[in-house]
Amino acid sequence: MESQIILLIFILVLSIFLGIELITKVPSTLHTPLMSGANAISGITLVGAILSSGSSELITIILGSSAVFFASINVVGGYLVTNRMLGMFKKK
Amino acid sequence: MDTSLIVNLTYIAASIFFIVGLKMLGSPETARRGNLLSSSGMLLAVVVTLLDQNIIDYRYIAGALLAGSLVGYFAATKVKMTSMPEMVAIFNGFGGIASLLVGSSEYIHSSLNNPALMGAIYLTVLIGGVTFTGSLIAYGKLSEVISGRPFLYKGQQFVNGLLLISILLVGANMLFVQEFITPNQTLILLIVLAFILGVLFVIPIGGADMPVVIALLNSFSGLAACAAGFVITNNVLIVAGALVGASGLILTNIMCKAMNRSLSNVLFSGFGAVSDTSSDSEEDQGEVSPINAQDAYLILEAATSVLIVPGYGMAVAQAQHAVRELGELLEANGAEVKYAIHPVAGRMPGHMNVLLAEANVSYDVLVEPEDVNPIMDTVDVCMVIGANDVVNPDAKDNEGSPIYGMPIIEVDNSKTVFVLKRSMASGFAGIQNPLFFKSNSRMLFGDAKETVSTLVSEFKG
Amino acid sequence: MQIFFPKEEGQEIRATILPDVAKKFTDLGIEVVVESNLGSEVFVSDELYVESGATISSSRESSLSTADIVCRINKPDISEISKLKTNSIHISFLDPFNEKDLVNEFSKSNITAISMELVPRITRAQKMDALSSQANLAGYAAVIEASRTLSKSFPMMMTAAGTISPSRVFVIGVGVAGLQAIATAKRLGARVEAFDTRPVVEEQVKSLGAKFVKIDIGETEETEQGYAKELTEEQIKMQQEGMKKICSQSDVVITTAQVFGRPAPRIVTQEMVHSMKPGSVIVDMAVSTGGNVEGSMVDEYVFDNGVTIIGMSNLPGEVAKDASQVYGANLFNMIEEYWDSDSKELKFELSDEVLKGCVITHEGSVVNELVKGNM
Amino acid sequence: MQIFFPKEEGQEIRATILPDVAKKFTDLGIEVVVESNLGSEVFVSDELYVESGATISSSRESSLSTADIVCRINKPDISEISKLKTNSIHISFLDPFNEKDLVNEFSKSNITAISMELVPRITRAQKMDALSSQANLAGYAAVIEASRTLSKSFPMMMTAAGTISPSRVFVIGVGVAGLQAIATAKRLGARVEAFDTRPVVEEQVKSLGAKFVKIDIGETEETEQGYAKELTEEQIKMQQEGMKKICSQSDVVITTAQVFGRPAPRIVTQEMVHSMKPGSVIVDMAVSTGGNVEGSMVDEYVFDNGVTIIGMSNLPGEVAKDASQVYGANLFNMIEEYWDSDSKELKFELSDEVLKGCVITHEGSVVNELVKGNM
Amino acid sequence: MDTSLIVNLTYIAASIFFIVGLKMLGSPETARRGNLLSSSGMLLAVVVTLLDQNIIDYRYIAGALLAGSLVGYFAATKVKMTSMPEMVAIFNGFGGIASLLVGSSEYIHSSLNNPALMGAIYLTVLIGGVTFTGSLIAYGKLSEVISGRPFLYKGQQFVNGLLLISILLVGANMLFVQEFITPNQTLILLIVLAFILGVLFVIPIGGADMPVVIALLNSFSGLAACAAGFVITNNVLIVAGALVGASGLILTNIMCKAMNRSLSNVLFSGFGAVSDTSSDSEEDQGEVSPINAQDAYLILEAATSVLIVPGYGMAVAQAQHAVRELGELLEANGAEVKYAIHPVAGRMPGHMNVLLAEANVSYDVLVEPEDVNPIMDTVDVCMVIGANDVVNPDAKDNEGSPIYGMPIIEVDNSKTVFVLKRSMASGFAGIQNPLFFKSNSRMLFGDAKETVSTLVSEFKG
Amino acid sequence: MESQIILLIFILVLSIFLGIELITKVPSTLHTPLMSGANAISGITLVGAILSSGSSELITIILGSSAVFFASINVVGGYLVTNRMLGMFKKK
């Protein structure tokens, strides 16, 4: 367990650095779509929601399904909105 | 190979998709494909999660998934282009509440005496809750359901301090003590406090600063997902959450810089505002909007017709060579470029002609005000380079003005005006210029030669 | 409404208006009468005026007496004033500070006389400002004249037969004419230096890429309209001292220094002229108001110790076609500004800032403050 | 070794050498004799020559008969050739294809005559190439002359009194002079177009930022040294047709077209002149070899239908000081090239590519191939 | 907290140091601090490793560590500046052999039927071995112990094929079969094959390409360390190794691009060379060395005196404005900038003067050949911009040349000459220019205006 | 064990991406020092060497100590050489 946490922390650290490196010098027209796209990714909590709703207890089912509901709005809506925004960037 | 291996390898693949997708979102040419890639990663992750886990009952999951997807779909496709930012805000809030729910659901099952796990849950719930209500308030401000004005009251700092202390105390109790209140009460208290914090965090911030706040909340929702990943020891949540958390923070910072402000200034300027008395004299002219060269470049890059209006400042800066170069680059980029020469621009008759001829600007692209004024509304961008009096709308609008009646170059009728000058100082006639305060004007402060050179560099990539 | 353009007399090459501008007048509904041969010096035939809607008058006397407005470039012969229709308007350069008789005659004859040199130097009036429009071309012509007279080339040329050094041009007095002279000499490739007593000029000189010579002469002043104030005797001395060396190194010196309403300052002394290299050229653009250069003579090329001093009083006449065009446009802009297209009349309000500046006599009296003070 | 510079006769303003160059000769150890008043037209006194080590001769006759080298600008009076010392060297422009008598006289008198116009156009000889050095200045002077004559300003000026359009300048024939004319007119702010029959010129014109006019006249040729070959009659017609429209729109036309060793082509017909706007100016730089323009006359301003045709044969004389300097430098470069500083003598080898080109007569006979073929 | 936690947290810290250090190494201002940071990370990692592990005997470790450090110290400090690249090569080789040894040592203890572990060991040993001998050969070539010429022989491809097949077979045997030969024999065979592969991999590549090869081998040694990390399940090895492996690969690629070649061209051009017959005609003039604008910028950036020599090509390209801008930037950068104008440059007398005056180049910085030739050897960089005949050394050296005797601008006496032209075409005189083949000349091919503009952009960052 | 390998692979992948992102557009003067600096980092195998030499078996001691020896040359020499190279970049 503990060694796993260490590895998870490692992953966390690397991801943070990678996140920082990836977003450098974005033109400001892309700020909003980028934010929106990142927001959709943060809907990854959907995976967690699915996992935690796979129970037979009522309270977890309720909590889990609501989590799935909200997270899927975030994911689906987020990607679509991003896509629409980016559609405006097509060169005339 | 067992399923867990497949699942985990798929998670790795999904993470790669997110990483590359995020990278591609940072550049206009690849952004769309990047978004597609990242969404494929998400699909992969979800599908593989559904497939394998020892999930007992699929019905609720499927129902919730379907319902959520439909809501997301309609919200995203039906919304007006102009309301997109608030949509992003509310989606983001949903992500936050989802993380909060995941954390809560895990809390109910977990052994309470694992401080690491408790810490993870605490962070998940707290950050998720703040993201949720914060995003809702941001949504309200943007859609003008709530007033966009900073909401300020006496004693704000005191209330905030109290709130923070409570949150810390609940955390300490949850992680180490587990006394005083029941676990369920702890959870509910934490959620309530998180919600309040989210509200109080966003409400004092003005509507104009909302984009930055949303970017920050977005980063939070990533962190919440990341914390949730620790709760259920799931890598892909950690990687994706951390990616979003970190890149969101950087993005927030970039956005602040583009607005020429610091993050703390954005977040906490509301507090200072209480003591300020608004100065009316400034108010009725409105505020000028500065812009930096990088953003100006992006607008120029998209423009199909550009009108350059040189004045005495171009001569002082000796910027004519740089201006010509910029003009050539704009043309190469597909824009139609003209130079509008006002008869009295500069300090001698034909001043602009001398300089532009020196810089080899062809006579064919020089136009006079009367040729260009009638079609000014078709011009995408007017670049006013060190000119002032010759573009002063007072000459046509303000009878009291000493230059009333002089024909000017009516740049204020074009879609966007960039005014390149060093300060808000006036020109030869010594009078203020209302052009600078118009909503379609952007001030590009600095020596004209340097500013234009920077634009040239931007164009050259 | 009838407007009459008599042909200029004497050496004048410029025409008061060209057909293009005449057309603009007729488009306004004004009847344009031009004296026969008005444009002959600039190769514009009477037919062209007719084509633009003007009528040709072969009798000056009768046209003078019927016109509501008479426009010229140079001041009229005093004898012609009495021939004008009473309450008509007469527009031209007038030199009102020196021509007191003329001014009196105008007021006596009940003529509204407008002096073009008194159009105020404000942004709004710039389109009517003939002093500027002519000085500008004069600055250009001065350089062309100097380059023709000088036995050297202006630009530097590094050639197989050795390097031809660039000519050094020194412009003294940087108003409108001086700026254009600087610009033209720079264009031709000369090394250009300039000096003016007004400190704001430094930035303007640099904005043309030339060098400003700094000479410390203490405090100087400028009028509200940007004209220079007269220097004290001591300051003039300091200035001459400072400029001597530069003059002696220069191939061309162009002087344009004027002081509003006063004789031009004497800046270049004979001693300075003699210190210059044989073959050098001086253009004294202030020659008609007394001259900046000792020894310069109106409309003459003076040779002094190998140095040529050019004293042309009518430099704009060297580019007469352009000068005529812009002068006519100045007149048109002025008349159009006060033209009421409904009543087809001029709306003259002496409270107007521009008219207050340039109208000298009106309804039988001298109305201009400055001129009145000078009488 | 003695070298003598007689004063030029007649209208010539240029001096064969200036003191600077004279000094270079004396530094080589050559005795320099200049005729009194050699530099008077360019404001150079005899004293300055003396300062540079030269001696002043007041008797041309005696100096001619003692000098080993005699240098001039223009061809000598035929009567003076016999007065030269035998086997001495005479350097000047000679016009050898037309001046057959002169050539004969040189060979009869046993003089080594060098014709400056025959210095070959190769990179190495460029420093001695007086045709280039003078044509270059002539190109500059032509534009200055045109700008002075034209009653318009060259540059565009957008002013409060309306826009002054830029003058349009059309340069026909773009050799050395044409290029400098283009450059100067461009500098002054004119719209410049140019035409030449040699296709390589297009790139050169563009390299000065001007516009090349394309006229299809079929195949054209160029000699090895880059001179143009003569066109057929038909080609000349096509060219005139193509140029007519441009001429009629131009304010200034400058023609420089020459064909090596032949009279200049007649390019601008009277019809074309008449199609031009009144007030326009033509400078015919080929006037001394027959003229490119119908009606042009040597050293005259011809007025034809409002168009001024300038036919100055000595344009370099307009910038006489520079022209003298570079001409003298050309002479010096030539003599230095063959000067043996040990023996203090000229090492003349007729096999040398440059000398083969420009020495006409030597030891009693005509040695130059081209000239011989022409006799 | 137990020591393992401390160790692991320290490893995380060390990894962060490496990441940030590597990032900082990429920019001149921070490179030194970056190196320091990365070395501190290494120190941390080593110390913490020493502290905690259940190491039985410290003596050998300490001895080896000390000995190695001393050797490293002296090698690094005593070596001549010019031999640094070969030093890097040999250090790199030592890294490779160390990984190989770690892999071997683990192999001896491991259970053989764990394919994942075997795979890791296999890769560690193989890559480590290749890195080792490859680096040694590279060292030899650079220090000219071995001839720098590509070593080629008939049948090379066949031998290489054979080698690769053997290596694959050994691998298959080691991972899945474990038959035919003993484990020890397998290991030794693998090591031998890896060594041979390393030699054969590097030996056909020419000495000039060695830097690229070293960069690649460096990437390999990172991968070897990474593989070793999997063998002993150690994160810091994986992170650091993968960082070096990936960044090394990118670096290799960047270096290839800077040489205007592809990686495969560098690695395998040797093979093609066998069939080529060397063309002597080219040989006797020598080869021209092209340079790209980016590298030219770096040289210019370091120059303290720059001489610009314009010619007809500058006029054709109308590059005068860009040239002036470059000149100004060079001056702002602290260099002394002059323009040497040859009397016959261009196509008319004073041609360069017209253009430079148009571009506002001051007369004061124009110099003539006779002024500048005597001090040419103090000039750091001559930029010949579209000139050709006027800098042709044949005019002074080659009596047979048609331009013999003409004074030229003797740019060949300066330290470095950049020649900006579009091709190897000759100038007006139509003769070849030996300047281009001199060792201090670099050809910057392309239209002069574009090239100079690129340099200008480089200067502006 | 297996879940640990998964995590290690995760770390590997993240590190590779990070490595790629870190080295973008390096000026060519820095190629050599950067290479040399990276080379020093690859001496991290020293940690592995130390770990594997901490045994009592002769063969592993020999292998391990040699590994330590070589790796420490790489580390110490690598960093010092890099430092010297970078010393040359100091602005005149």
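Lettered A, B, C, D, E and F in written order, each chain numbered from 1.
Following the convention adopted for this analysis, a residue touches a chain if its C-beta (ideal position, glycine included) is under 8 Å from a C-beta of that chain, and two chains touch if they have at least 3 such contacts.
All of these numbers come straight from a predicted model, not from anything done at the bench.
Asker: Moving step by step between touching chains, how few steps can get you from chain C to chain F?
Answerer: 2
Asker: Using the touch definition up top, find the fewest steps from chain E to chain F.
Answerer: Step count on the best path from chain E to chain F: 1.
Asker: Which chain has its C-alpha centre farthest away from the C-alpha centre of chain D?
Answerer: In terms of C-alpha centroids, the chain at the greatest distance from chain D is A.
Asker: Based only on mean CA positions, could you tell me how far chain A sits from chain B in angstrom?
Answerer: 19
Asker: For chain A versus chain D, what separation do you get between their C-alpha means, in angstrom?
Answerer: That pair's centroid distance is 81 Å.
Asker: Which integer distance in Å separates the CA centroid of chain B from that of chain D?
Answerer: Chain centroid spacing, chain B to chain D, equals 69 Å.
Asker: Could you state the distance in Å from the CA-based centre of chain A to that of chain F?
Answerer: Each chain reduced to its C-alpha mean, chain A and chain F end up 34 Å apart.
Asker: Can you pull out the residues of chain D that are in contact with at least two other chains?
Answerer: Answer for chain D, listing residues that touch two or more other chains: 126-127, 132-133, 136, 155, 157, 159-162, 164, 187, 189, 209.
Asker: Among the residues of chain E, which are close enough to touch at least two other chains?
Answerer: Residues 19, 23, 235, 239, 318, 343-344, 349-350, 354, 357-358, 360.
Asker: What are the residues of chain A that contact at least two other chains?
Answerer: Chain A, residues with two or more chain partners: 3-4, 7-8, 10-11, 14-15, 17-18, 21-22.
Asker: According to the definition of touch, which chains form touching pairs?
Answerer: Final set of chain pairs in contact is A-B, A-E, A-F, B-C, B-D, B-E, B-F, C-D, C-E, D-E, E-F.
Asker: Where on chain D is chain E touching in the complex?
Answerer: Residue positions touching the partner: 122-124, 126-127, 132-133, 136, 176, 179-180, 183, 186-187, 203-204, 206-209, 337.
Asker: Inside the complex, what are the residues of chain B that reach chain C?
Answerer: Chain B reaches chain C through residues 312, 315-316, 318, 343-344, 346-351, 354-355, 357-358, 389, 402-406, 428-429.
Asker: Considering the complex alone, what residue numbers of chain A touch chain B?
Answerer: For this pair, the touching residues of chain A are 4-5, 8, 11-12, 15-20, 22-57, 59-61, 63-89, 92.
Asker: Any idea which chain B residues touch chain E in the complex?
Answerer: 318, 321, 324-325, 358-360, 453-454, 457, 460-461
Asker: For chain E, which residues count as touching chain A in their complex?
Answerer: So the residues of chain E in touch with chain A come to 4-5, 8-9, 11-12, 15-16, 19, 23, 235, 239.
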